[in-house]
Every structure is written in structure tokens, then in C-alpha cells.
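Next, two complexes with subunit A in common: one pairs it with subunit B, the other with subunit C.
So, the complex of A and B:
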């Protein structure tokens, strides 16, 4: 394998991995703070994609603005979902929270997919591109859309990092993930933190769906692939580990493009699943599972 | 400041407290003593809002707080340091302390408290960038005390601060409580270490099987024949 091929694989892998990282960070955050195995995460990706489509293709908004509107919409959708479904579940749940919350997300996923189907029909709603340009990286011509999507993922993850590390509310989110009772006694309102966390996680997914609209159009079931990919990443990284999800997302992106190149199309999923099985057999806590336990440590 | 009236509380179908009444006045150091399973921790939990009282009333600063959620009670100025401390283990000592002042939005006041606490517990100053999970048992108690003090509470409730500590550390913890009380902090202390506690507190309540069986000034209790025989092992 000569150098240019390695460079190519690395670039395409990282560009792909940026989205995985973005999706997985949301998933890890929701699991780390709320103990929810979120299987409707992909639907917020789809909400982001639909909103960006309407904002950009129908209302002719500037691409960046359209993506921001999509992020805001998925944040709002996440907040409403939490207040409408998970808050009552938390209140009336007796034991078995993890299982009940998981079942609720599984049902929510089906319901949301049906709503998308009823509202927009079984058709692809996509755009050719946000920006009609390419850039050259290591002699490869890459659509600006992909690079911008990667940049958005990095900025969003970096912003989240600063928020969790440096702000009072961000610290409170980490506090809740580490010790709910301690957080309550410090005066932190658990309900508010949980709504905020779910909304932030949904926003990250929506951001992914919106920024990759030209590569994968909005479609009622468009959330399945990113959902599975991000679950793959958090399983590898260790559940609820946000930092691990970033590294894991990029790693999986590169791993997929390498196995795609070496084994041929269609085999990259096989390679990923084999990796997952091996990891679960020999290191079930995930790559970073033993060292780190909570949201961002 | 705090008045508990005919409190009944427990867990699901197990009632632990039967008609507990007690009062803490501003500036007092009050102790709640009793053996294992007497209901001391349950009393504090009910006051802090972690469990809902089945009956009875709890007044704090003249306001009925029974049934209020824990975070609102904390924001009223009632700080509860639990037996298992509930530290944020994967955060630094400094972050833990800052979270203690979560309800205080004025940055200047937060930093005044931070300086005060780090000054009071020099060991925390030394360890401020270390993760809370890496501290020793005694240091963890100090951190929990410090975090509980960060919001400049009106009342500090401390549950078994001497539990599991080496005798030297026990003395250090009691010394810290004494200093805090000397600075005008009102304290409600739960302890099994009866002798030490009575020498520190102004007055005490003795809890047995979920009922207050004895109460009065510490000096008087130290001379009480029943208490002497049951808790101090003297005749």
C-alpha cells in the first residue's frame, strides 16, 4: 500500500468518522446522564435532515442558517420528547428503569418513523449539494459539503466539551451523571438537567442529519444506518463515555474505509461486526470502559 | 430555625419514624444520637426532602418544607452531608466545591466561599486539582463538609462524619465542626460516637426505635443514669 492510498483512506475515514463521533457523543451523553439506551436517536438525525431540507430547498435559507435551524428544531424536539415521555416514566416507574426506558425508545422510534412516513411520504428528499465546490486534500478532490460537515461535527463536539467543562450548567450535567443524590443535595434540579441533556443529545443527531443532507437525503427510515453505526461506536468505546465516543467515532470511520478498501464493498459491515464480537468477547467494558466511567472524565 | 413536629416516615411499607419532634435554634449545635437502625439517618433524609414524610410537619425558617423536593430545600439554605458523602468522584476537588455553590449565581460570592473553605481545610487547597475519587477517607469527609458549606447554608446537617475514620481523623473532623460552629454555623449532627458528640453539642436528642426517648442539654445528658448505662458504658 503506498502512501497516497493510506492518506486517502485516512481522509475519507476521518470525514466519515466525524459524523459517527457526533452521533455517538449524543448517545453517550444520554446514556451517561439518564441511563437510557436510546434506540430512537436516529429519528432525531432524520428530523434534522427534514428541517434542513425544507429550510434550504423550500425556503431558500443560507446553508449554514438552514443547518442551525435544523439543530434548533431537533433540540426542541428532544426537549418535548423528554417532557412528554421520559419525565412521566421517571415519575411513575417502579424498578427496571433501564429496560422500561429502552422499550420506550424502541416504541418511540417506530412511532416517529410512521409520523415521518405519513407527513412526507416514502420518498427521498435530498439536495445535490449545499456548496458547489470541491477542495483538494492530498491530491484528492473532496466535496466542500463533506469538509464542512466534518468541521461542524468538530465545532459541535468542541463546543459541548467547553460547555460541560467550563460552565455551571455543564458541571451540573456531569454531576448528575456521577451522583444523582449528591447533585440534588447541591440544589441541582434533576428534571431540568435531564430535559437539557436529552435535548442536547437530539441536537447533535439533528446536526449530523442536516449537515450530511447532500450525501444521505431525508427519508422516513434514514435514521437506521446512523443509529446502528453510533451504537457500534459507543459499544466499542464503552457506554456512557463521551470522550471515548469521539475517539471511537473517528476510529470506526477509518476502520470502515480501510476494510472497504481491503475487502471490497459490502464487507466493511462484516469487518465491523467481527471487530465488535471480538471486543465484546475479550474486553466487554469497551476500549475505554475501564479507565473512564462517567460522562466526560 | 428548624422545627420537626410529629414526623412519621419510612420506606415503602416499613415505617421507621414514629412521632419524632425536635427543634434547632439559630446558632445552636444540636446532636441526634442513638444506636444503629434507630432512625437517625431517616430523620435527616426526611428533613432534606430525600424521602416524603408520611405524616407530620417540618418547618425551616418559618416555612413548611415537608414534601418539598430536595433541590429546593437545599436552595433555601439547608445543607445535608450524607453518610456516604455522595461526592462527584470523577471531578476535581475544586469542581466538587464549586458545585456546592451551584445555587449561588454571583461569581464573587462563590469565590469568597471557595477561599474561605480552602483556608479552613488546607488539605483541600493542596489537593484542589485532584479527582475526588482519589482522596483518602478523611480527606473525602473534609471535601464533603467543604462542599456542604460552599453555599453558605443557614443550617448544616451532618450524618455520621466519624464513620470508618481513624481516631486521629475523627478528632480532625470534630475539630472542623467545632470551628464551623464557632463561626456561627447552626449544626444538626447525627452520631454514634456519643461521648465526643455530647462534649461538642449544646443539646441532644436520643432516638430509639424511631422515637425520641430522651432530650436535653448535653451537660445534663452526660449525667443521665440511663444514657450513661446504655450509651457510655458507665454506671
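So, the complex of A and C:
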């Protein structure tokens, strides 16, 4: 492999990894705060993609505006889901929460996919590009769309970091992730925090789906691949570890583009699994796994 | 126990004794009646299409039961279940297609192969938290699916492998009775395991991991036994399915398949073994006979899974227990 190929793989890998990081941060946040292994995360990615498609291609909104609308829509969808499903589950649940919540999200994923299929049909709804331009990185021509999507991912993750660090509500979210009962004693409204967290996590996924619309069109099952990838990242990084998810996302992105180059489509999935098995063998808690579940601690 | 009633005339004693024995094997009277109706149903059901439906329901019922053996007892949901079923189907298909091996031997090979992969998956993940088992088995299932699509030289990719039929003159009725026999045999075996000391350990681990460990149960060992067993049986059933449908394709390993089996098992009632079979006979014929419903199938499965999880985790089995206690049927030892 000569240098230009390595650079090439690194750049495409990092650009791809930005999305994985974005999705995985949402996943890790939801797990860290609510203890939910979110299996329907990919469906909020699809919601974002559909809304961005309709906003941009049908209503002709400005690309940035369309992406923001999509993020808002998936935020709302997340909030509604939480109020409609997880709130009653918390109230009625007597068995083991982690497993029941996980199964509920599995059902939710099936339901949402069926709804997408029934309402939009099995067709790809995509756009050619948001911006008709390319930039040159290391002598490679890369579509502005990809760079902007990467930028959006960084900004969103950075914004979330600031939100969790600097605002009262953000601190409350972190408090709940550390100790639910303690947070409640300190006067934090658990229901509100949990709804907000789930909505934020869904928003991150929707943002990913919207900003990558030109690369992967909206499609009822479009959420599967990002879901698998982000679960892969979160498992590698250690469940509920948000910072690890960022690094892990970028790592997995690079790993995928390298293994795709070396092995080709199909076998690349096998390579990912082998990597995961080796990791679980030697570092069962994940690369950056901590014993305490934490959100930026 | 039923025998504690004082006034039993001597000539009824053998019947009471027999009933107690059957009860021990899991054949309560209502259940026996259901089995009898099912076994005699081909006398009434003469249409090939309806008979096929019965076989499909049996197939899904068995899978739901095997799924419950892990999901309902050690509290580890096998998310790659379809992968293990499909692995068995592919092993059986490949052995017969390329090497002309006897179907029953091929099914045995399918059992061993799926059991082995299940064992290795369990070995890696069972020491970790319960949710890791689900994730990892999901990844393994997906990899098996990716492998069947990618390795075209052996699996012929999406074209699938054509499997010769089980016997020369096999009818749907043969399949029906073989699967019914398998169902009953598996039910008795799995139930005996559940009620043995090993099964006690399963339930202890499923209910409270820490307490089970503190009282000297080695959780990893028992979880591994359970997981390996259910994966192996899933592979064998998958192998049989290959001969039933006559073709195996990568679709068989799809996650939707797992969702279907999982939903049936939870609708039937987690930890009841047989509940999933009843759910299968309730849902699958309805979906299939109303073609309009077919496209809503996964939607309905998903919705029922959500509703069951939130409002009624006991499922059909819980409903049955409730009805039974209302009618004050003779009380039996709790399962």
C-alpha cells in the first residue's frame, strides 16, 4: 500500500466514522442515563432522513434549514416515544428492566420499520447532493456534503458536551446517570430528564440521517446499517461510555474502510466480528470500559 | 397433588396414578386434549394448503419453545436465533446437496454444528452481563447471514441451495406427524431438564444472578449448558425445515425471523415452554389465511411485543393460569 492509498482510506474512514460517533454518542447517552439498550436507534436515523428529504426536495428548504427541521422532528419523535412507551414501562415493570426495555425497543424497531414501509413504500428517497461542490483533501476530491456532514457531527457532539457540562439541565442528566435515587433526592425531576435524554439521543440519530441523505437515501430499512455500526462501536468502547463512543466511532470508521479495501463487500462484516470477538476476549468491558456507568465523567 | 382427595374408589386409582404420572411429564388433561385434537385434525382438514399451515405453525411453535428455553429461564435473549436455525438448515442442505448424505445424519450434523457455534458464542459472552449475550448473538447471527450471502462458492448466495425431499413419496401429512412427534419429544425433554436440579439452577440464575451465585451455583456453567442446548436444537429444527421447504436461502437468517419467533415466545408467556406453541397456532394461521394481513405481520408482532412487555409480561400462559384459578380446577404443583 502506498501513501496515497493510506491517506485516502484514512480520510474516508474518518468521514464515515463521524457519523458512527454521532450515532454512538446518542446510543451511549440513552444507555448511560436510562439503562436502555436501544435497538430502535436506527429508526430515528431514518426519521431524520425522511424529514430532511421532504423538507429539502419537496418544500425546497435551504439545506441547513432542512437538516435542522429533521433534527427537531426526530427530537420530537423521541420525546413522544419516551412518553408513550418507556414511561408506562417504568411504571408497570416488575421484572428485569434492562432486558424488558431492550425487548420493547426491538418491538419498536419492527413497528417503525413497518410503518415506514406502509406509508412510503419500498423505494429509495434520496437527493443527488445538498451542495454542488467538492473540496480537495490530500489531493483527493471529496464532496462538500461529506465534509459538512462530518462538521455537523463534530458540532453536535461538541454542543452536547457543552450542554452536559455547562447547563443546569445538562448537569442534572449527568447526575441521573450517576445515581438515580440521589438525583431524585436532590430535587431533579426524573421523568423530565429521561424524556429529554431520549429525545436528545434520537435527535443525534436524526441529525446523522439528515446530513447523510445524499450518500444514503431514505428507505424503510436504511436504519439497519447505522444501527449495527453504532452498536458495534458502543460494544467496543464499553456500554454507556460516551467519550469512548466518539473515539470508537472514528476507529470503527477507519477500520471499516480499510477492511472494505482489503477484503471487499460482505467479508468486511466477518472481519468486524472477528475484531469484536478478539476485543471481548482480551478486554471484556470494552476498550475504554469503566465499571461505573458514566456520561462524561 | 390430585391424589390427596379422600374418597377415591379403588377402581379409579390406576387412572389417578396415570394422571399424576402424565402430569409429571407435563401432560395435563387440557394439554392432552389439545394434542389429541391436533393429532386428529388432518381427518377434518383435508385441504393441502391448510395442512401446510398446520405444519408451519408447528415449526414456529417448536422454535418459540426452544427460544423460551433460553429466554424464559436464564434471562438471556438469543438475538441471533434465526442465524442458528439458518446455520443448521445450511449445514443439512450442503451435506445433502454436495455429498448426498442421509437427511437424518445431516440433521444430526446440523445439531452438532449449531451447538458448537452456540457453545463458542456462549463461552465468549456468558461471563459478561446478560445484555452482552443478546448483542453478541445478534452479531454472530448477522455474520452467519453475511457469510451465507458472501460465500457464493459454497452457499450459492441468493440463489439458495435446492434440497431433495426427505422421502421418495413424502406428503405434507408425514411432515405434520414427524414435527408433532418432535414437538412432544422436545417438550418432554426440555421440561424434564427444567424440573431437574439443572433446571433449578437455570431458574435461580434467571431470577437473581447474585443470589444464585452466592448459594453455590456456577452461573457460567449452567448458562453455557442452556445456551448450547437451545442453539443445537434450533440447528436441528432448521435442518429439518430445509427438507420441508426444499430450498434454503440467506433470507432464512434474517433478523425478522428472530423477531417473529421471539414475539411468539413472549406472547405465549415467558418461562412457560408450551405457551409459544399456542401463540403460533393462534397467530400464524390467521396471518396466512388473511392475505391482507400478511404485510402487517411484522407490525402486529412488534406491537404485541411492546404491549406484552409493558402491560402483561405473563402472556398467554398468565391468562391461562388466571382462568384456571377462577374455575378452581384441581390445583397442581406450580411449574
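Everything below uses one rule, namely that the second predicted complex is superposed on the first by the 292 of 297 C-alpha atoms of A that agree within 3 Å, B and C clash if a C-alpha of one lies under 4 Å from a C-alpha of the other, contacts with A are read in each partner's own complex, and residues count from 1 in each chain.
Note that in this section contacts are C-beta pairs under 8 Å (C-beta built on N, C-alpha and C of every residue); 3 or more make two chains touch, one makes a residue touch a chain.
These numbers come from a predicted model, not from an experiment.
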Exercise. Touch check for A:58: first (subunit B), second (subunit C), both, or neither?
Worked result: neither
Exercise. Between subunit B (first) and subunit C (second), which does A:155 come into contact with in this model arrangement: first, second, both, or neither?
Worked result: neither
For this session: Would you check which partner chain A:262 touches, where first means subunit B only, second means subunit C only, and both and neither mean what they say?
Result: neither
Exercise. Does subunit B (first) or subunit C (second) touch A:102, or do both, or does neither?
Worked result: second
For this session: Classify the contacts of A:174 with the two partner chains as first (subunit B alone), second (subunit C alone), both, or neither.
Result: first
For this session: Please work out whether A:185 is in contact with subunit B alone, subunit C alone, both, or neither, and reply first, second, both or neither.
Result: first
Problem set entry | Partner with the higher number of touched subunit A residues, subunit C or subunit B | C
For this session: Could you look at A:5 and tell me whether it touches subunit B, subunit C, both or neither (first, second, both, neither)?
Result: neither
Exercise. Inside the complex, what are the residues of subunit C that reach subunit A?
Worked result: 75, 77, 79, 124-125, 127-128, 130-132, 134-136, 138-140, 142-143, 146-147, 149-150, 255-256, 259, 262-263, 266, 295-296, 298-299, 301-306, 309-311, 313
For this session: Flag every residue of subunit A that touches subunit C in the complex, lowest number first.
Result: 37, 85, 88-89, 92-96, 98-100, 102-104, 106-111, 113-115, 117-118, 224, 228, 231-232, 235, 239, 265-267, 269-270, 273, 276-277, 280-281, 284
Exercise. Within the complex, which stretch of subunit B touches subunit A?
Worked result: 48, 50, 69-71, 74-75, 79-80, 82, 85-91, 95, 98-100, 102-103, 105, 131, 147, 151
Exercise. Contact residues on subunit A for subunit B in the complex?
Worked result: 168, 171-172, 174-175, 178-179, 181-190, 292-294, 297
